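Report on the structure given below.
So that you can tell them apart, the chains are marked A, B, C and D in the order they are listed, and the count of residues begins at 1 in each.
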Amino acid sequence: MKTRLKRLLRRLVHASVLERIAISVASLLAAIVVGGVLVFVSGAYASCQAGLNVAGFTFCYNPMQVFYELFFGAIGHPLEGDWALRNYNLAETLAQTTLLIFTGLSFAVAFRAGLFNIGTQGQLIMGSLATAVTVLYASVIVPSGFIGTVVLIPLGLLAGAVAGGLYGAIPGALKAYADANEVITTIMLNFVAGGVAATLLAWQFQDPESTNQQTESIPAYAEIPNVPFLGFSGRWNFSLLALAFAIVCMIGIAWMLSRTAFGYELRTSGVQPEAAAYSGVDEKRMIVGAMTLSGALGGIGGSLWVLMVQGEWITSVPDLGFDGIAVSILAGNSPLGIGASAFLFGLLDSGSQSISTATDVPPELVGILSGLIILFVAMPEFFRMIGGRYVDFEDVQPVQTDGGEPVEGGEDDA
Amino acid sequence: MSEPGPGQTDDAGVGGTASASDLAVHLDGITKRFPGVIANDDVDLRVERGTVHALLGENGAGKTTLMNVLYGLYEPNEGDVVVDGTTRSFSSPRDAIDAGVGMIHQHFMLVDTMTVAENIALGNEPRKWFGLAVDRERVTREIRDLCDRYGFDVDPDAKVADCSVGVQQRVEILKALYRGADVLILDEPTAVLTPQEVEGLYDVLEELTDQGKTIIFITHKLGEATHAADAITVLRDGESVSTVDPNTTTRSDLAEHMVGREVLLEAETEANDAGETVLSVADLTVEDSRGVEAVSGIDLEVRAGEVLGIAGVDGNGQAELVEAITGLRQPEAGTISMAGAEITEWSRRDRIDAGMSYIPEDRHTRGLVMPFDLVENGVLGSQRAETFAQSNQIDWGAVREHSEDIIETYDVRPPNADADAEAFSGGNQQKFIVGREFERDPELVVATHPTRGVDIGSTEFIHERLLELRREGVAIVLISSNLDEVRSLSDRLAVIYEGSFMDVTDPESLTEETLGLLMAGEDPDDADEASTTAEPVSEFGSERRGER
Amino acid sequence: MRNPFSILKGWYNRRPAAVLAVSALTLVVFLWATPASWQAATLRLAVPIALAALGGIFAEKSGVINIGIEGLLIVSAFSAIVATFWLGGGESTFTISHHWWGLLAGVLVSTLFALLFAIVCIEFKADQIIAGLALWLIALGLAPFVSRLVFESPNTSDVGTFDNVTIPLLSEIPLFGHLLFDTPPQVYIMLGAFVFGWFVLNHTRFGRWVVASGENPKALDTAGVDVQRVRYTAVILSGVFAGLGGAGFALGYLGTFTGTGETVIDGRGFIAIATYLLANYHPVGALGGSLLFAGLDAMQTQLQGAGISVPTNLIQIIPHATVIVVIALVGRTRLPDAAGDHYESGED
Amino acid sequence: VGGFGDEDESEYQVGMVYSTGGLGDNSFNDMASQGIDDATDEFDVGYQESEPSEQSEFDNMQRDYAEPGDYDLVTCVGYEQEDALEDNAEEYDEQNFIIIDTVVDADNVRSYTFDEPGGSFQVGHLAGLLTTEEFSAGDSETDPDETVVGFVGGDESPLIESFEAGFTAGVEYANDDVDVESIYVDSFDDTSGGREAASTLYEDQGADIIFHAAGGAGIGVFQVAEEEGRFAIGVDADQSVQEEDYADVILASMVKRVDEAVLTAVESIVNDEFEGGDVEELGLEDDGVDVVLGDTIGDEIPDDILDELEESEEEIIDGDIDVPDDPDDV
């Protein structure tokens, strides 16, 4: 496992930025092609009044229309009349982008430290509940209005970060001190988070007025405010301020990884834990630390979901944590790449709603697409084989300058 | 056995005197290319039936590659493989095995979790119950038969992981014999053995040739080749330089063939006054990762300007001892002090800050972060030092300057700080590590196998630098399995065996033979009484050739 | 820390008779004291976990970590239901032979997906964990996608379940006869698969090769066995076993497939992975672990039925929490040395 | 870019947001779907549907229809949508909404609720009377010695608990000695959860009749009823017709005429008579809830029992029987 991860990381870190971008774009295109074929073929099994007749089959779905809706619907159909930049669909897309930046960063930070944190979802659940509860309780003593906004929002974010961080620290500690495989524990902790959060809710925080399993709504002044003039309509669940915060965090993480001693140690632990230990890093503390940071980022994602989108905590928390894995992997786990990747997945998410209203194609298509994207990103070799015929991808040649020991073969040697 | 010929012959030499039908193996004009490297360049090799044929060459000369071609792991770009007079084209080891070729690799090809019997039968399991199940009884029986025939003492039901290296080697040989191999290739079989185990191996080889098997024996140690082989083929830079008769060839001739120039076989040390005690270890007990006691109650002391050498066969607790000293492993008992302060509980970080440099055994996993470039590797270990990081922010400009200095001073080639560590050859990687650790301004240097896998030129340079530090008053612990190295560089030499020091003495007073006995865990005083004929070390056992 | 399984083995080696007697007695008391419906439910709920775990053992022992086994359960369960539905002419069907064809279809689809996974991992050297996650996500989208085409809902229609197969006489044995010998076919399949899997792993050449391919593929290669072929076969076998598990669960227990959320499979594939890790890749241990988790799962409703008012949400996480606790206590099981690594013959 | 099919040119457009159980549950959502299908047959109406799989998706799906202002009516099916609709009704105050199963107090929302306790009381009465009788139909039979009947709920929400409350009250009304055992599956689509719950109730608790209010999970109840040779009572739709494979175990179904609610709402839009702010309570008296006897075995229920049911129905309508809506008040 260790060598495996090491090799993978080595390969990912190794690939030049250009190659990484090329592979990500190629993966996206490949996923779209496969998805398009799937849509077209499945159109033969759907029932419709009219369709394209080919070879005795009636094909109901037009893949072009589907992808048109998916990508252009998500930004409000810019090619059609009276398009405004600040439209509802784009707001939805950007709201999703904001949240996915955090869950993507959460996965990336752990991954760069050599840890597979599949548990962002659970950390997000805990963070979001903590945010909602903290804000609700604090709003009783904090004055409303502007002061309330200024106090409650940072407080809510802090609560989310702390709760998410603590919940992320659990699998970290289990790995560091009990050698428990984090892939398994984080997956299990996702299930546990859902159950524990729902139980806590029922036990103490349930909104007595509501038939749903949810907390009371947070006061309006605790919702992330809109930027006047510049921002999108206030009744939509999106705030430019939150997006800006996400971008700042993204740049901050990128800076942390490349410029600070902690970031250097984290990256070293990720590619070669033995080398990190050699350089004076306490491996166990690094594992716990990286998982805590990762969990905190997931928790902040949860905070924003409550403070910007949902306005209260409900038991059915959307699958932002799982999508974050896809976001990060597509971005090659690079913090800056996550911005673009999160926007793409934001498009997919909001586009899936356009698909479901504008076409008869099942919106689950989007789930398949993101799975396919990950699958293709996972096999750069596939594109190298195809691309190798046209471009020379191999960027590192062993340097033989003396008769020393031969440089080991590729990273993939057995 | 062939007639002893003149010292050096042309390619037709030793092999050429025998008729073609006597050749067990004939590799004819083999060329094997890898991207950027020609590993074998038109190599000829003729091996007579029933002989031991040594394949001699430096690191990277192409020995292993050539044998991998013979074993069907690689297909040659050019040339023919002739086994038993028939030209073959092997596309996999399966074909080679079927043609009666067996290979014992440099790194054993054994599955640790399986038993000896399962390993030996792997891929050739006999079956019972209409071919459904493996016939384990038959495997066990056949292995017992083989053991009886060749005088091996191997338990077929033991787990390979529990076997000693020597036994594992016999398992590899049995594996080849079980498959009916007539030609056995052994790739550097002595690298992991004690001198005494090496003797045992020679006996096995003799037994095998007596029974008509043919042996090809890869080594880069001159003494072994002259001692055990009936013919020696020297490879250099992928080409076959010559085939010679060991009886009529001197070691220095062979060395010249191998390296292509005259070689100095010993490094020089001069007397030096040792100063204050820098490192002292008392009654240290350390467990390995499996919880087995690897170091038992070791005491040692190193003073400023002194080199303490620790010799021993790999796996006798050196790794754990070093890890305990450098702070990578917590000892079970005992104390470690540095410059008067007890550091047993200190973290690795604190020890680095206190001036402890460490050249790790494994540069690929510890010493360098392979996917990082040399700039980033230059700060490994100093990433929180004042010089490079203020308030935890790394000053990459300063780090780059530092790394480029190391590259220049230590002649790291190519001089490109932006290339990833894994793109450098082993020798250059090692020079960079040595530079980084030496330039830390250390009080104490722990150097583990500092020249392992490094070519002669770089080795000389690293030795020079080490002695320079010693002159500057740095305390040095040198761990090496290269006996020449520890003996020539150390002021005092300790021999470690199963976690304890056998003896700590002046290296000059040790003979090759006593050293070997100590490394094998035997008390040389007892042995001395039995045999009074201790050989002078400088002869490296080459005289014993006559005893065969 | 030592694996509890090996501790048990240690005891067994010293006092076989006593250990056997105690285990038998415990089992008898246990069977006698616990409700019959719970025992039956446990056995049936264990089917997908146990068979997925058996498949996972083969793949991972050969060196390919198949974390996508959850996805295999999903596609096999779903396609088994769809195939059964279609064979019934688009009507819900209760004709038994349709179910058998449905089972076959489920296994085939799962095997195809496993083959795809094998090609991606072995041919194109994809990272196994990421490719496995992708496999899961694709299945998670594909099943409800196709379901909407066929049934206009992410949930399928009901096609009914297998009938119990009762073995005369044997099913009359007190205490466990009705449990083991009056039970739907997928339970027999599960038990048979375990005997088969254990035999293949421990007694056949292929079983030895699988182990060698995961521990030291180079050793296997130099012994003249094609490592890639062993790995392909092992991964495909994992598809067959997972397919039997998913399809058997769907056709023998559920009768429908629910495609919303994490689908009706709901993480059972991941529990399977935890199970074989706990059992240290031993088939018999994995079967035991599967029964344990299935038993905990079935206990939820039992507790409610018994009027014990623990919050449902809390009861539902018992199996998952147990996995965490056990993994933390046992520590990391030793993965096969080469698990997760690519192997290509001829590289040095 | 258009699809291969033709565009919908209907005069009126309705947006349907279903509850998380989704279409194909053969009960609640399918009844609503039935209603809109009936409406398209009768009027020049077209519609779009959204099936959220998570509660958190309601908000967006309602907005998706309300935001463009192209829809004449947005139908919110299920009480889970209450909170989302409360916000959206305020933000989109020009948009007409209806919500089913709960009340949203806004001028542009018409709420439809059903007297679930009353209907459940009726099937409870039926079960309470039958369980102590020797009754067999199809391949199933009651066990007169055991005095237990079961209830399987989807989740422990006030609405589903009101089914349990009414059912329990009805059972006790029939016979004080009969106990009701309840299990909540915590899901409306987990068939296996429904199975396990039913196994526990039939096999361990000795229940011979189970009433389920668990959507798709209820199918598990029917499956076990058939295996065990016991009876079940369906919910929302006439499940002996919808789930005809199990018609031989479904004694009766407690039907909620959701389709009627949707149809009348659309009708009011077409006739330009839509009035928000109202709550329409549909009860036993106007057949908004009703006990529909099983298609196959219903006619085997003895007449004297049916007579007693009719009497209790009268008493409920007249207010002589006060049906509780909280299980704790039974």
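Basically, a residue touches a chain if its C-beta (ideal position, glycine included) is under 8 Å from a C-beta of that chain, and two chains touch if they have at least 3 such contacts.
Computed from a predicted structure; not experimentally measured.
Just count the C-beta contacts per chain pair and the biggest one is A-C. Centroids built from CA atoms put chain B at 48 Å from chain A. Once the centre of each chain is set as its mean CA position, chain B and chain D turn out to be 78 Å apart.
Inter-chain centre distance (chain B to chain C, centres taken as mean C-alpha positions): 46 Å.
Between chain C and chain D the centroid-to-centroid distance comes to 36 Å (mean Cα coordinates, whole Å). Looking at chain B, no residue sits in touch with two or more other chains. In chain D, the residues touching two or more other chains are 20, 54. For chain C, the set of residues that touch two or more other chains comprises 154, 218, 313, 316, 348. Inter-chain contacts, as defined above, occur between A-B, A-C, A-D, B-C, C-D. Interface residues of chain A facing chain B in the complex, by the touch rule stated above, are 9-10, 13-14, 259-262, 264-265, 268, 271-272, 274-275, 277-282, 396-408. Chain D contributes residues 20, 22-25, 51, 53-54, 156, 181-186, 189-193, 195-197, 199-205, 216, 219-220, 223, 227, 243-245 to its touches with chain C in the complex.
Against chain C, in their complex, chain A makes its touches with residues 1, 3-5, 7-8, 42, 45-46, 116, 118, 174, 178-181, 183-185, 187-189, 191-192, 194-196, 198-199, 202-203, 322, 325-326, 329, 362, 364-372, 374-375, 377-379, 381-382, 385, 406, 408-410, 412-414. Here chain D touches chain A in the complex through residues 1-6, 20, 48, 50, 54-57, 59-61, 63-65, 67, 79-80, 82-83, 87, 91, 102, 155, 157-159, going by the rule given at the top. Residues 64, 68, 71, 73-74, 92-94, 97, 103, 105, 109-114, 118-119, 121-125, 127, 132-134, 175 of chain B are the ones touching chain C in the complex.
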